[in-house]
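Per-chain residue numbering starts at 1, and chain names A, B, C and D are given in the order in which the chains are listed.
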């Protein structure tokens, strides 16, 4: 099976999931003169929107990168991809939970646990796809570089590990968790940017 | 008519329908300290989310497989596909019904009947597409293998039959129905995985 | 400009609009034992879902057909397409109105006027696209057959005219309007099916 | 990296965001005989729907045009595109705010500030993409014309500047802001139409 339609379907799911995040940003029902205060009070909603948008975007970029190495898709990979997408589509829910409850003392911990747990599940299913294709070299194309993949594996694993560890942090403070989520997203942005820089220096001549 | 745009449209519909399932997973409105219990209580919502996500995913995989055998699309196939998609897009509704009412003694039966009925309708319209293209060989490409298709037909038919039979089961217990839906989804995952294994053994040389 | 990305964008909009129709089918909040009656009572919601799904599907098929004749897209066509899509995306709203208010004596007329008006606007913007490309032959490819187009024009125009006339019918009975919408959808299904039959007989040799 | 999948993802996001606008157009819950008045009263909802639909459509056309000049995508451009899409996906929220609150004396200013601010952010991230690809000529293909780009830059910049200036106007009147948004959308429609006209006269021979 060629990867074309799997990528198209995955892109569609990513596009809908990332856009549904805006449905968490609800119009407050307030009397005249109170909209400004009502909007300000909802800063966790916008913050969690931005963090989840960036995070789903980065996951999409990584999914994009993974599939650029994949030549064909077998049923097992199709279903691993489906399990992975199930966690991605779930993200708007913990995002809404966090936006609604981060300011409440006790519920905030529960919301952060659900967010951290969803992200850990996402990281694990993504890792499962890498491990599967790593063990089925016939699914990969010739651009796949096992040495580079082995070098970048710890960095991917670190993200999943940190999301997992943030489940424990969630019992301490949901605010710290939100900062961790934001920093992880930013880390991956810049880490991957430097990657591009390197690969250009090492390999591609300036065109 | 080439199949490209029909597949793209179908994939879009599948991607949106599968992602809209998350809109059934609502943030509970509770006082501080009650979120954990409120989330736990809603286990049917997450279960039906997971079962329907996996089911739509498998339907997509099968639709994918069917269209890999189809060379061109005529108007009749286009409209059969539309009727089929109408049942797929409907799935989030019985999913929400089941998530909301499986724990209530009497409403649970109604919810399960609607779920089973939707799935039966989906199976029947999917079968109608297979039967139609089976009778219009000019729509198929050369990769279509009528012997293999005849061999796999009972397995597909069995799924539709079991969904149909689960309408009767719904009057007994919606919980048993939910287990049937989950087992059917898992059965198709593994059945199709073994398929891939076989076809590799029989036909394709290791690459 | 090639038509590829315009078609992809349009297909995406169609796919989302047709799928959002399910959001009108809400889970009723009822006490145990009342779900069956509550669901039965909402038959206008399912009927309008089915009619609008089929209608958007047929519009998509016709849009599909139109773009199969178009070689390239200029800015004017891009914006006419946008105005047309604006009416398609609007369809879930009158669908919801009709589902909610067809059973109320007076509001039903208003709901039907909005539905008929939306469909008339859709027909007019679609006609505007045909007229525009008809006057810009350089946008068309060689498969376009002006004689066949002229022959099919009255049939397309008739649909728009009937939708327009149904605005007047809406003041009499919203039920009659709903029957007209359903018949129009079915008429286009069968009309286009017979088209395919004819074109096969006339033109294409059996493959 | 080729641009194909980035464009497909962006198109998906655009298609979902533009279609989600209809979710702001809610069915009013009224008693029989009051639907007509209730719908009339909500004119700001339809107006803001139309203005935002046209605006997102024009943004999509411009994004389309930009990517027609882009040969390949690096990570930085991928993330700039993501930041840009984050503002596009946000548009349904200020659209809903404006539709709900433009008729209230004080809240209307807040709603218009949020709308203007979102559009300014959209314009700035879009400009950031142009500036980035302008400084990385290796990402562009041979159809890119730097002279034409420099000539059209003030016109794009003007739009962002006017959106920015409308933040100040929002403190005066949200109605004037809405007129500005509508005029800007119409200006870009016609400006770009005349563009097409010119380029045809200057460059392309009639085909």
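By our rule, contacts are C-beta pairs under 8 Å (C-beta built on N, C-alpha and C of every residue); 3 or more make two chains touch, one makes a residue touch a chain.
Worth saying up front: this structure is predicted, and the values here are computed from it rather than measured.
Participant: Name the chain whose C-alpha centroid is farthest from the C-alpha centroid of chain A.
Facilitator: In terms of C-alpha centroids, the chain at the greatest distance from chain A is C.
Participant: Between chain A and chain D, two copies of one chain sequence, what rotation angle (nearest 5 degrees) aligns their Cα atoms?
Facilitator: 90
Participant: Quick check on chain A against chain B: do more than half of the interface residue numbers occur in both copies, making it same, or fewer, making it different?
Facilitator: Interface between chain A and chain B is built from largely different residues.
Participant: If you average the Cα atoms of chain A and of chain B to get two centres, how far apart are those centres in Å?
Facilitator: One centre to the other, that is 26 Å.
Participant: Using Cα averages as centroids, what's the distance between chain B and chain D in whole Å?
Facilitator: A distance of 37 Å separates the two centres.
Participant: What residues in chain B touch two or more of the other chains?
Facilitator: As it turns out, chain B has residues touching two or more other chains at 8, 12, 15-16, 20, 23.
Participant: Across the complex, what residues on chain B touch chain C?
Facilitator: Of all residues in chain B, those touching chain C are 1, 5, 8-9, 12-13, 15-17, 20, 23, 74-76, 78-79, 82, 85-86, 89-90, 92-93, 96-97, 100-101, 104-107, 110-111, 114, 138.
Participant: Sort out for me which residues of chain D touch chain C in the complex.
Facilitator: Of all residues in chain D, those touching chain C are 7-8, 11-12, 14-16, 18-23, 25, 27, 30, 32-36, 39, 49-50, 53-54, 57, 60-61, 64, 68, 189, 192-193, 195-196, 206-207.
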